[in-house]
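First chain written, first letter: the chains are A, B, C, D, E and F, and each begins at residue 1.
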């Protein structure tokens, strides 16, 4: 059952100030309408993970951890590795986050993140097969939101892309009796493309990029578009109880592709610099 | 190994042309106990939607003083899929329930029903690709049948890409073997998008073309929705309205 | 924990009218005490199921879908196929039905339906074995109540009997390595007998057959008896917070067997006519 | 391969005659914290029943202004069965809880306790066929021990069919290998049926005969229930009343 | 999430009486501060279990049942048998016990009981292996609290020790095809040591042994210590929302070891006398 | 086969001496949305703690008229362990949440916040033995950061036994291969024990020695807690306080 949940409350004064600013093309935190908040990424923050990254997008903080383990394939895809993506907005992250199993927002976050990885062809699942029908690699990607100030789809995609790009998988060997010997050596996971999410909100009829929590509380509707390294659209999700015009949809696709290029370059640089947390 | 989804003449596996909808039938008022209801057959999809409300909110702390809340559940029966579906409510069903709720809310005049709950239930008896769009379309007709004040109907239809071509209304096989799927829902008279999802792989120009085609498909579904409501409320003889266009 | 639940409320006037009518041997919808509502059955309504049927009993509407798949036997019955029966009163079916896992009414419905199939010998489970301890057929019977106007035990039994009588199972072959090859060809499921449920309610001391929701809300007690094609009693279940006399129990057994014959004949005719929904 | 459940003299595997009950012991007031309680040993069945109440209803919206509600739970401990039972509450336990609740409700004068809840808990420590009837019988004694106003006790006993013969009080082996089981509960003084279930295969005449035998068994259980209550309230020396009849 | 729960309420008069008595070195039920309640143990109360015992400690009544079955080892301990311990405070046991899945108290009870068995080396898990990686014995220990008047950790440990000391396991044989043949014969489970729990409560600054429910409701803090047959400490658990001084901790360790010896002897006698319930 | 946890010079696998703590860093005020928060790195343990409250109690029936209730959750992220942890809340997490709650309650002046709830959340991002003590230490700092009135901080540290020697601060390998682990939490200024657990095998004299060592370790952690709070509230230049002692 899906029903409206406890929502962030924005005061009346604050609301009218936001409206005033938007009319002037500005936002309450001083940003331009299409300006992103500060983004920083730390790699390898969880040594026990196969790959991990911490992303800070404004005050939003997310850690993504990837574990690559060996397991059995699903019966209907005996020649393909597995991908399991989960997301939790941890109760430390906000007064509105509640402990317990993931709610519909967290499930949506996990599923849109999953589609970004899967549909972009970021991982070649046929190469994650070890022995057909018997042994494959399982790639677990777990997203933990540590502080929630909005923009979770985007920040999660940056964290996932960074974690998987720097992830390794254990090397394996097949024993004579068919059992699997898992080595301590590892190889790179081999990532094909970087799916980057960009989220827009419509507030008082204006479109803003990278909305924070307060803006999300005021928004009419939300659109997330995910593009891959070639600029192709690989995933999309409208949210919120409002609407977009046909023209807005097309315009947002154009802007998303542009922003994707910039952000992907910044993340690529971070990965190539191999910044490791000390 | 991929199946060829299109033949040399660009005809699809089920005989459809690229921009052709599957047959769609909608029947209104099919569940006696409900305040409003509709059955849709969209290709092999068979879906029932029912509306209960406006009614008291339960639990009470969810009550909104100035408007109705909408509860929404998209659910698949265990026998609706090729391989039997596990009866427990899946993460997929939770996500689709949310997306459909947010696609219906813009169409409902929530302020007309303060302190109320409007419950929308969709049951997929058989699924065959595009079931969320079909469920959304049925739910919107059920809301109208329940006499809920609305700004517009909501019509849903997907477009996508198979065998390199942009096509309307992806079915199950095309979804699994094809390159992209873009479920879309609109308020047709108002020209506004209330549901949008995408997964697959589309270039910038393909994105635009697919979106236009999806909107086009929604307009066709809208005609069938209207005829179904006319049928019930202004009486025509045949019990079901069918489109094979 | 089992406790009384939200119940259908019947108004005072309606109650007294019902009592008046019952005294005269009549019911509020015009039926005689032991008269069944209109029954219609459509076969094959779910093409993706191995067998299916929609039953309308008055305003009650039920779909039963059977899926026959291959699977592993339970360890303690290595030479027998499996039967799994579920039932849901879908939230579309009534203002009193709630979404979520099946409540005690739905579980009772599933379990009484299961006993009807199992105890009557309707399916020969030893013939549903493919290879002992390794491969068997699993028969899933899922009952979905689309509109609830009472009589669910009976309507479910008609739907199940119709679905299983027209169901097929995939043919299989054992590969050399012991794995199972599932063919696209199918065979009939082979049904031995037709277990038919009949439900009676006691209201103001009168016994009525096939009670609707309003009558169920007023009833003191309920008795369901299931008979097979030979007229043998294969399942029974008393419900409701009231009682039956010893004589009533015996009299109801007599009527149940009679009614079972009539209804079984009607269903047999439908099946033999092979009415397929167009 | 079926075991022979009867020998040539129509004696059952555990030495009983066709119409013979297993040994039954009932002890009253065995749980200090409870408002009423009883322990029953019915063959190898060992069951404890406790009653808490009348007490406030929780959650409140279940309150009935004119009468008590009854909550009922039949539960099996993991060690109660031959193979360890999964500790999670099963569908079987849910069904039996419901059937027993509806078997006790007719006996309780609910109108004497408006706005109240009466809670009945049955714990099967060891099960051996017929545990629902034994649990019902113990629960009814526990209700009496709690001083709850009742129209009559409820006594439970099954009859069934094994090796072609109608027999009283089916045990576990007879249930699994036999042809029919008919758990029955009655208010013995009033001559009214409050619990009835059947699974198996009985002709019309066998149905009647089995039912009569089950009622007969219930009457025997009723004597043991009464003696157990007498024991507690009118003091006899031995701590447990046993019947081997 | 762990939060305070519905608690036993003790009246004001009763509270001040308890305080008065404690000052005099006495308790409301007449015991001295470090005196245990009457303890009785019956063995073999559940014939269908591999081993079982009923313990009465004052008005507290607990049954522990052990089942030894064959199963598969965990992947990371292919050469060791399994131990699974659960505990339930059954709803018959108290007006404060609620039906449903175990709450945090019951889970704590199960886990502390588990540690007592596991850490003491009571069972030699390597001897519970049948075939490495394939077949092992699974030892299930299920604790059911029938009447709760406090002292559950202690009473549970007595019941478990008694049940396991008298428990058997089925003999097994490996068939030629590697499958396991389970015999009807049994062998003793072979218990190495008897881990005995002793629980102390601090009330108005006084330490009492073996607190009952009323005392637990008044206590500031609780300490449970478990010793094995050699007097070694194998498990410990502080509870309650209060504190102990460093000296109290050390003093309680001393007393616990002493009491462990006495209680272990009493239980050993019961086991050796092989008292079977008739 | 056991690994040798100590070399001939009684040096541990990670190079520590018997009574040496792993490096500990605490940073205060790391979660913007929280009323108080702290991050602790304790060897390879990485844990975030956040406090929300005092706030209204939900559900209301848990309200205490004269004092606050404390809610506490110790939770491990799926990527925190060597092998991925199942995301569902485990029995181990439930037990540790309870033990930590009861270790914090004595330090909080609950009477200062009647009818309130104080919520303490601990998230283990990486675990390496001793995570409950580290989480407790971080939680206590987060409570102070939230301005909750406290009698004292609570500092946690374990001692244990490996290779026959009593050692401070057991890590993951030492926990699995060693002989005993005694997680301990104290109010350091008051000299009172609020958390105590033990599993393993200790003689009477070893018990005493291990306990003393654990208290000693707690005192060292206490210094780091105080410095971290001083850092935030009385401003020093370095963002994190580190101890390698």
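Here, a contact is a pair of C-beta atoms (placed from the backbone, for glycine too) under 8 Å apart; a residue touches a chain by one contact, two chains touch by 3 or more.
A quick note: this is a predicted structure, and the numbers were derived from the prediction, not measured.
The fewest steps needed to get from subunit B to subunit D, moving only between touching chains, is 2.
Of the two interfaces, D-E and A-B, the higher number of touching C-beta pairs belongs to A-B. If you average the CA atoms of subunit B and of subunit F, the two centres end up 52 Å from each other.
Spacing of subunit B relative to subunit E, judged by their CA centroids, is 57 angstrom. Chain centres here are Cα means. That of subunit E falls 27 Å from that of subunit F. Note: centroid distance subunit A to subunit F, computed from Cα atoms, is 31 Å.
For subunit D, the set of residues touching two or more other chains reads 73, 83. Each of the following residues of subunit A touches two or more other chains: 1, 99. Of all the residues in subunit B, the ones that touch subunit C in their complex are 31-34, 37, 44, 46, 48-50, 52, 55, 73, 75, 77-84, 87-88, 119, 121-123, 125-126, 128.
Residues 62, 64, 69-73, 83, 91-92, 94-95, 97-103, 105-106, 182, 187, 190-204, 207-208, 211, 215 of subunit D are the ones that touch subunit C when the two sit in their complex. Residues 1-4, 104, 107-108, 110-111, 115, 118-121, 221, 223, 225, 228, 231-246, 248-250, 253-254, 257 of subunit A are the ones that touch subunit B when the two sit in their complex. By the touch rule above, subunit E contacts subunit D in their complex via residues 45-49, 52, 59, 61, 63, 65-67, 69, 86, 88, 90-95, 99-101, 140, 142, 144, 146-149.
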